[in-house]
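Input: a single structure, listed below in C-alpha cells.
Chain nomenclature is as follows: A, B, C, D, E, F, G and H, assigned in order of appearance, with residue numbering initiated at 1 for each chain independently.
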Amino acid sequence: MLRATAIQQIGEIARIDLSRDIRKGFPEIILAEGKTSEDVIKIALNVLNEKGRVIISRVNKDLIENITKSVPINAIFNINEKARIITIKDKDFKIPKTGGRIGILTAGTSDIPVAEEAKTIAEEMGCEVLTAYDVGVAGLHRLFEPLREMIEADVDVLVVVAGREGALPTLVAGLVDMPIVAVPTSSGYGYGGGGTSALMAMLQACPLGMAVVNIDSGVAAGTIAALIANRAARFRETTP
Amino acid sequence: MLRATAIQQIGEIARIDLSRDIRKGFPEIILAEGKTSEDVIKIALNVLNEKGRVIISRVNKDLIENITKSVPINAIFNINEKARIITIKDKDFKIPKTGGRIGILTAGTSDIPVAEEAKTIAEEMGCEVLTAYDVGVAGLHRLFEPLREMIEADVDVLVVVAGREGALPTLVAGLVDMPIVAVPTSSGYGYGGGGTSALMAMLQACPLGMAVVNIDSGVAAGTIAALIANRAARFRETTP
Amino acid sequence: MLRATAIQQIGEIARIDLSRDIRKGFPEIILAEGKTSEDVIKIALNVLNEKGRVIISRVNKDLIENITKSVPINAIFNINEKARIITIKDKDFKIPKTGGRIGILTAGTSDIPVAEEAKTIAEEMGCEVLTAYDVGVAGLHRLFEPLREMIEADVDVLVVVAGREGALPTLVAGLVDMPIVAVPTSSGYGYGGGGTSALMAMLQACPLGMAVVNIDSGVAAGTIAALIANRAARFRETTP
Amino acid sequence: MLRATAIQQIGEIARIDLSRDIRKGFPEIILAEGKTSEDVIKIALNVLNEKGRVIISRVNKDLIENITKSVPINAIFNINEKARIITIKDKDFKIPKTGGRIGILTAGTSDIPVAEEAKTIAEEMGCEVLTAYDVGVAGLHRLFEPLREMIEADVDVLVVVAGREGALPTLVAGLVDMPIVAVPTSSGYGYGGGGTSALMAMLQACPLGMAVVNIDSGVAAGTIAALIANRAARFRETTP
Amino acid sequence: MLRATAIQQIGEIARIDLSRDIRKGFPEIILAEGKTSEDVIKIALNVLNEKGRVIISRVNKDLIENITKSVPINAIFNINEKARIITIKDKDFKIPKTGGRIGILTAGTSDIPVAEEAKTIAEEMGCEVLTAYDVGVAGLHRLFEPLREMIEADVDVLVVVAGREGALPTLVAGLVDMPIVAVPTSSGYGYGGGGTSALMAMLQACPLGMAVVNIDSGVAAGTIAALIANRAARFRETTP
Amino acid sequence: MLRATAIQQIGEIARIDLSRDIRKGFPEIILAEGKTSEDVIKIALNVLNEKGRVIISRVNKDLIENITKSVPINAIFNINEKARIITIKDKDFKIPKTGGRIGILTAGTSDIPVAEEAKTIAEEMGCEVLTAYDVGVAGLHRLFEPLREMIEADVDVLVVVAGREGALPTLVAGLVDMPIVAVPTSSGYGYGGGGTSALMAMLQACPLGMAVVNIDSGVAAGTIAALIANRAARFRETTP
Amino acid sequence: MLRATAIQQIGEIARIDLSRDIRKGFPEIILAEGKTSEDVIKIALNVLNEKGRVIISRVNKDLIENITKSVPINAIFNINEKARIITIKDKDFKIPKTGGRIGILTAGTSDIPVAEEAKTIAEEMGCEVLTAYDVGVAGLHRLFEPLREMIEADVDVLVVVAGREGALPTLVAGLVDMPIVAVPTSSGYGYGGGGTSALMAMLQACPLGMAVVNIDSGVAAGTIAALIANRAARFRETTP
Amino acid sequence: MLRATAIQQIGEIARIDLSRDIRKGFPEIILAEGKTSEDVIKIALNVLNEKGRVIISRVNKDLIENITKSVPINAIFNINEKARIITIKDKDFKIPKTGGRIGILTAGTSDIPVAEEAKTIAEEMGCEVLTAYDVGVAGLHRLFEPLREMIEADVDVLVVVAGREGALPTLVAGLVDMPIVAVPTSSGYGYGGGGTSALMAMLQACPLGMAVVNIDSGVAAGTIAALIANRAARFRETTP
C-alpha cells in the first residue's frame, strides 16, 4: 500500500546523489536521557567502532561510572561534568578544522553547563569557539568588552544562552548584525520558571536576526551554529 | 546533501509496489479553513476533474456562494450546511460499497454537525452508517435502545461524539467490546471549555478499547472508522 | 491612612469574640503539608488543649513518628494512614451527633484515601457516613446497588470521588436528585493527568445538581457535605 | 455485547423505584449556546407542551427575536436580558414553594447577570431568594449589613458570585458556618482573566465550607443551591 | 451561625465610617469593561455628584457617545481616546498637588495607550509626570538620554511599560536604584503573545527593585506609582 | 430517586443478552500505579483465581519483589521489566488465537517500553504482532524495509509509537492505507516535553487514517489495536 | 542614583552614532499590528524620507487604503496582499545584491503567506530566494524534487514553513546538512491549534541543524536566513 | 558590524565605573539555587572581600555545611534556616540606617519563610521592619490589631505574603492607602497550586495600590519595599 510511484521517483532523485559523501561533518550524538546505561553503552561502543568517534549528552552518574569501565583502552575519553557530555574518540581520530568561528555568551553562571554543551558540539564539528560567561543584562559593562572582542575576531554566529527573563539575546541582537542562536535555560522559579519565560522572550524578541532552540538544548544550538559558521567559512578559508 | 544511500534503498523498496493501485478508497478532502475561497475552488475543480470527486470540509458562507457558481453543470453538488461539508461528484461517479458498517452516537444536539461530517466521509468511503444523536449520559435510557440496535446490526466500529465533560465514550466503552473512535467537540464554556475537557476525558478514559481524534475532527473520525470497518468487511462480504 | 476608628473598634470586638464559642460545629483542622513537623505539633497540642480535639491532614511519616511521642497520655489518638489524617481527642471529648447523613462513592480504589479523608471530617462534624468504593463507570452494576442503598437510607448529600476522566459524578447526577459534591483525584497520567481532566469534567458536567472541590481535597468535601447534611437534619431530628 | 448480567441487575434495582415520581423538582433547562435558534425553539416548545414550563439559558438576540414570535398566546413569557435567560410557562403552571431559602451575593456589578441566572433557576425550583449585589471585598462595610440580614432570615445556603481575584467567597466563608456555593465569573483581563483567577481562588480557598461551579455557571449554582435549600426545608416546613 | 455580635458592631462602625472622609487621595475609578453603558453612566454621575470627580477607564465608542450627552453642563469633561480613559470634574474641583514625581517609559509605540492611562491616574492623584515613549531595548541610545533627564529631575519612581519580550524594565533596573513599577502590555503574537511573555519576563527579572502589575493595567501602575511618589514627597515638600 | 422507567427498559434490553458470555476477549488488566503493592496483589490473585489470567501494568520494584513471593506455584509468571508489565496465568490457560495481525513501530529506542506494553496486551488478546523499533523519521531508509514487510504480512492495523515531535505517525500515515493507532511517549525535555508535543502532533496530523491514545498508554494502544485486528480477522480466518 | 557619568557619556555617544550608518544591511521594518494607521503612515513616511526604503508588515485593509493615498508620487509602492506586507522605495533605491541564496519550503497552501513574508524580507536584504510551496509530508514525492533543486542551486540556508503538526522541518533536517530555519504557522484547530503544535514539534525535533522563530514570524525567519546566507556569500562572491 | 565606536567607549566607561561606588544601598545577593556549592562559596568570599558583606539566598544543606567551614574567622556569619538565607559581614561592617519603615504580614504560617527572606533583605538595606505573621483572611480579628499597629508606626510600605487563594493583599488594600507589595507563595495543591492562584489573584486584585513580585520571591519583595521606604524616609529623617 505504499504510494509506489512516488517512492520510485524518490529513488531516481536519490540515485544522482548516491556517489557523494554526505553529512560528513556531523558527529554521532547519543541522548542518554531516557535510555538505560546498558543501552547507551552498547550503542556508543558500536558507533565508536564504526565512526571512530561518539558523543553522549545528558549523561548521569550511573552512566559515567559504567562507561568508564567499558571504553576501549586506546580510545580518548573526555568528560565535561558540568555540561554532562562525554566524547570518546579513537586515538587517531582528527576533527577536521573548518575555520568556522562561533562566539558563545551566557547571561549567568547557571547557564554555563548549557553553553559548554554547545561548545563541545561546535568544536567537534570543526569550529573555533570563543566564550564569555556571566555577562548578563544587569551589568552592561560586563557585556560590551567580550562582545567587542568577538566582533573583532570576526565570529560568524553568536550563541547567546540565558535563563529567567532571557533578555540578553534581545540586547545583543540590538547591537550586532550577525546571526544569533538564542538558547533559553531552565533556571528561574515561580511563574515563567523552568525556562518558559526565557523561551518566550527569545521568540517574542523585537530585534531581528535571531532564531531559537529548545530550553537547555546546548546540543541543538551547537549544531546549528556550527552549520552556519562552517558554511560562512567555506570560501573564506580558500580565499587568498 | 541528501542521504543518498538511504534514498536509493527506498527507491528499491518502492519499485516493487509500483504496479499496484494504492489508496484508492480515499476520497480527496480539502480543508477550506485557512485558505481563500479562490484557492479552494481552484484546487477543488482540479481534483474533481482528475478524480471525479472532491470533498470540501469546514466551508463558510463566502465559499458556498462562490463555489455554487463555479461547479460544472453535469456535476452532482451536495452540501450539508450543519456539517459545513460539500461533496461534488461527476454524474457517473459511483462510491464502491465496501460493506463496512459504522455506528455514530452523539451526546448532545450541538455535537451533531461533527457527527454529520464523520458520516459524510464514511459514506463516501463506501460504508453504511447508522446514527443515534442526543443520547448523552444524562439520560441512560436514551442510549441503550440505539446502542442495542447498532450491536444487532453488527457494526464494526462506533464513533462516539461528545462535548463538555465527554463522558459518553467512557460509558459506551464500558458496555461494548468493539473498537470506539471518540470525538471531542468544542461545546462548553468556562474551565475546560472549547473541547479541552472532552478531549482529556477521552484520553484518560478508564475503560479500554477507545482511540481519539482531535476536537471537532469529524473528518479524521470518519476516515479512521471507515478504514477499520472496511478492513473488517473485506472477508465478511465474500464469505458465503 | 486607614479607617482608624473602625479598625480600633474591630480590634476590640475581636478581643471580645475570642471568648465566645462560634463556629462550634467546626473542628480545628491543621494542614500539615508545607509546615515543619515541629510547627505542626506545637499548633496541634495548643488546639487540643483549648478545644479538646484537633485534626491534622496530609501528614507524612516524619510527622507521624514525632507526634506519637508528643501526644498526652490520656488523649485518644487516631490515625488513618491511607487518608494521611490524624485525629487527637481528649478522653472525654464527645462528637455531637447531628443526624446528618452522607453517602460517599469512589470510582476506583486509588480514590479511597481522598474518600476516607472526607469521611473522617464528616464524622467528626457529627454526620453518619455510608461508603461504597470502587463503583466506577466501567461497571454500571457495581454502582446501582450501593446507590440504591444510599437513597433508601435517605442520605442528604452524596460525595462522589473520581480520578482520570472523572465521569462518575456525571453518571450519578443523571440518576439522583440530591446535592452532589464532586471530588477530583490526582490519579491518571499523560494529558489531563494529576486530576486536571477529572476537575474539568466535573465543572463541565451536563447534569445539574453538582458542585466541586479542588483536586484531592477530601477535607473540603467532607466539610461542605457535613454542612449540607447537618442543615438538612436540623428539623428532621426534632420532627416527631 | 452489552454486559448482560450487569444490566439485568440494574433493571431489578430500578423496578422498585418504578412507581415513584422522580426528579419532579427539576425544571427543564435548555442551553441555547451552541445550538441554532430553530433547534432551540423546536425543543423548547416541545418541552413546554409536555411539562408546562421551559427555561432557556444563554440566549442571544437572534433567539429572543424569533422565540417571541413562536410562543403560544396563552403562555407566560419572561425574559431577563441581563441574565440572558428566558422562562416560558403555561398560564396555570404553579411553582411549588419548597420553603428553601437562598442568599445570593455578588462582589461587583459585572457579576450580577450570573447571579440573576442563579436566582431565576432557584426561584423556579421553589426557593425564596435574597440578594445583595456589589458587596465586594474592597469595602467591608458594604458586605456586613446584607450578610447579617441573610443570616437573620435563616437562609440555608449562600451563593457567592465574584470575578477577577474572587476573594469574596473566602471572606464570607471565614464569617459564616453555612454551606457556600462559589461562582467565578469571567470578568477581568490580563493574566488570570476570563474567570481563571476567580475559579482557582475558590478552589484554593483556605476557609472550609465551600464548593464551586464552573465560570459564569449561574444555572449550575442555582440548581445545587436549590437542592441544598429544599432538602434543608423538608422538615422545617412541616415542623409545627 | 455568624459571629453575630462582631458583625453587628462592624455594621454600625461602617455606618459611622460612611460619614468620614477616608482614602481622600484616591480618585474614584470605574472600570467600564464588562458593564453596560447605562450602568457606567449612572454610577459615574452619582460619583461625580458626591465627590466632584470621576474617572472611567477602558471606555468604548458606545460609552463615549452616550456619556457626552449625559455630562452636566458645568462639568469639565476630558477624554484620552488612545488610553480609552475619561475624567469628569466639577468646574471648581482642584487636584491637590502632592509634589510626587513619576517617570514613565515605554518600549514601543503600541505601549503608549497603557502609559497614558497610568499618567492620567498619577496626575489625578497629584503627581508630576515625565514621559519618554518608544525608548525600547533595540536602540540603547534612545533610552539613555531621557533616563538621565528623569534622574536629574529626581523622580521618585519609574513606570516602565513594555510588550512582547518585556526586556526594558530589566535593562532599566540594571541602571538605576529607584523603585520600578513594570507594566506588561498585550502586544505581540504567537507563543508568549498577548502580554504573557512580557509579564513573565518582568516577574523573572534578574535585577532587583521592580514590582509588577497585570497586563495592560495602566490604572494599577498609575495608582501604586502615585502612592510611592506621594509618600516620598511628604517631607520633601515641607523641607525648607 | 433513580429514574425508574429508564432503568427498567435498560433491564429489558439487557435480558436478551443475558445468557451470552460477553467481553470474553478482554483480559483483566490492573493498573498498579497509584495503588499499594498489597492492594494490587490482593486484587491480582483474586482475578487469577476467577479468570485464570491477570495482567498488571506499570509495576514498580517493590511490587515485583512482593508479588513473586505470592504467586501460586503452578501459575506461569511472566515479567517484562522494560515495559513494566506482568502476566500471570494458570498452567492450563490458553490464549485463543484470533488471527488478528498487528504491526508495531517505534521512532526511537526510548519508545520501546511503551511498544512492548502494547505488544503484550495485543498478544494476550490473541493477535500476532510484528515489531520494528527505532525506525524514526531521521533515517527514512530504516523505516521503509520493515514497513514493507508488515504490509506484505497483511497486518490489519499499525501501532506507531513516538516521542518528542512525534512525526513518525504522520510520515507512516502518508504512506499506507490501513488504520493507525498513534501513541505519544513522554520522552523529550523543554517546551513540549513529557509527551505534550508528540500528542499534539498526532492529533493535528494532516494525513488521515489515524487515531490517538494518551501519552505512554501502551495498554490502551494494544487493546484498541487488538479489537480492530480481531474484528478484521473474524471472517478472514473462516474464509476458505 | 544612576551611574551618571556612564549615561552622560553614552548619551553623547549615541548622538555621535546617529550620524553614522550602521546596520546598513538591515531594512527598516514597521510592524503595523497594534498601531493606528495614522501612526504607521507617519513613521513610514519618515523612514522612507531618511532611508529611501521602508517595509511595513502585517498591514490590514484600513492601512492599505490610507497609505496608498499618502505615498509620494515618485516612490515605488509594492504590496503583497497574501503576505500582508508592503514595501515602499525611492525610485532610485537599489537593493545591494549579496549573493546569498535561500530556499523556502512550505508544507501546505495555508503556509504560503508566511513564506512570502520571509521571501520579501530576504530579497530586500539582497538574497536570491528559491521557493517550493505545498510540499508537505503527506506526499513525499512532492518534496524531493524541489529539495534536490535547491541543493543543486547550492542554497546557504533553508526556511521551512509548516503548520498543524509541523513535521516537514523534521523530515527535511533528516535529509540535508545545511542550516534550517523552521517557521511554525497558526493553521490547525483543536488541541495544539494556532501554531502551538508546530512550534513545539520544531523545538522538540530529533534531527539536528534547526532553529526556530515564533509562530507566523515570516519577518523574523527572513531576517535570520538572510544574515546566514549573506555571511556565507561574503567570500564566495569574491572567490574567483 | 557592531556600532564599534560606541562599544569601545562603553567598555572604557565601564572600566571607569568599576572604581566608583554606585548603587551603594544595594547589598550583593547571590542566588544559590542552580549553582554548585563550590561556585557559590567562591563568588561569596570574593564579594565579602570586596564589599565587606554578602547575602546568599535559597541555600541548601550542602551549601550551609560547606560555607561554614570557609567563612573567615573574623566575619559575622548569620543564617536564617527557615528563610534559607545567609548573611556574612566583616566584623566592622555597619548597615547604614535609613529610617525607612516596612510592615510585613503573612496570611499563614507556611508563608513565614518568604516573609523572613524579605525582612532580612530590607533590614540589610537599612530599614526598620515590623512583622505580623499568620493573620490571614479566615480570621479577620487576627488581622486588624497588627495592621493598626503598623499604621500607627507610620510604616511606608506593606509587604503582604500569601499563598493558596492569595486573598490577604486584596483585603489589606481595601483598608489602607499606602503602597503594598504583594508576594504569592507556593503553598497549596491541586488546581492553582504552587502559587499560581495566589499570583493571579494579586494581579487581578480589584483594590488599587498594589504591585506584585514573583512566587516565593522574598528577595525581590524586600528590595522593592526597601527602595520605597528609603525614598520615603529621605526627607523625613532630616525634617526637624
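The rule is short, and it goes like this: a residue touches a chain if its C-beta (ideal position, glycine included) is under 8 Å from a C-beta of that chain, and two chains touch if they have at least 3 such contacts.
Only a predicted model underlies this, so the values are computations on that prediction, with no experimental measurement involved.
**Student:** When contacts are scored as defined above, which chain pair ends up with more C-beta pairs, B-C or D-E?
**Tutor:** Answer to which pair has more contacts is B-C.
**Student:** Looking only at residue numbers at the chain E/chain G interface, is the share used by both copies over half or under half? Answer same or different.
**Tutor:** different
**Student:** If you average the CA atoms of chain E and of chain F, how far apart do the two points sit, in angstrom?
**Tutor:** 58
**Student:** Taking the mean of the CA coordinates per chain, how far is chain A from chain F in Å?
**Tutor:** Measuring from centre to centre gives 38 Å for this pair.
**Student:** So, what's the distance in Å between the C-alpha centres of chain B and chain A?
**Tutor:** The mean C-alpha positions of chain A and chain B differ by 43 Å.
**Student:** Express in whole angstrom the distance between the two chain centres, defined as the mean CA positions of chain D and chain G.
**Tutor:** Whole-Å distance between the two chain centres: 53.
**Student:** Can you list every residue of chain G that touches 2 or more other chains, as numbers and ranges?
**Tutor:** Residue numbers touching two or more other chains: 1-3, 6, 10, 13-14, 17, 22-23, 139-140, 144, 148, 174-175, 177-178, 190-192, 196, 199, 203-204, 214, 217.
**Student:** Spell out the part of chain G that touches chain E in their complex, as residue ranges.
**Tutor:** Checking each residue of chain G against chain E gives 1-4, 7-8, 10-11, 13-15, 17-18, 33-35, 39, 43, 186, 195-196, 199, 214-217.
**Student:** In their shared complex, at which residues does chain E touch chain G?
**Tutor:** Residues 109-110, 140-142, 144-145, 147-148, 151, 163, 175-178, 187, 189-192 of chain E touch chain G in their complex.
**Student:** Would you tell me which residues of chain D are touching chain H in their complex?
**Tutor:** Result: residues 107-108, 136-140, 164-167, 170-171, 173-175, 188, 190-193, 196-207 of chain D touch chain H.
**Student:** Please output the residues of chain D touching chain C within their complex, sorted ascending.
**Tutor:** Within the complex, chain D touches chain C at residues 3, 5-7, 9-10, 13-14, 16-17, 22-23, 25-26, 29, 141, 156-157, 177-181, 199, 203-204, 208-214, 217, 219-221, 223-224, 227-228, 231-232, 234-236, 238-239.
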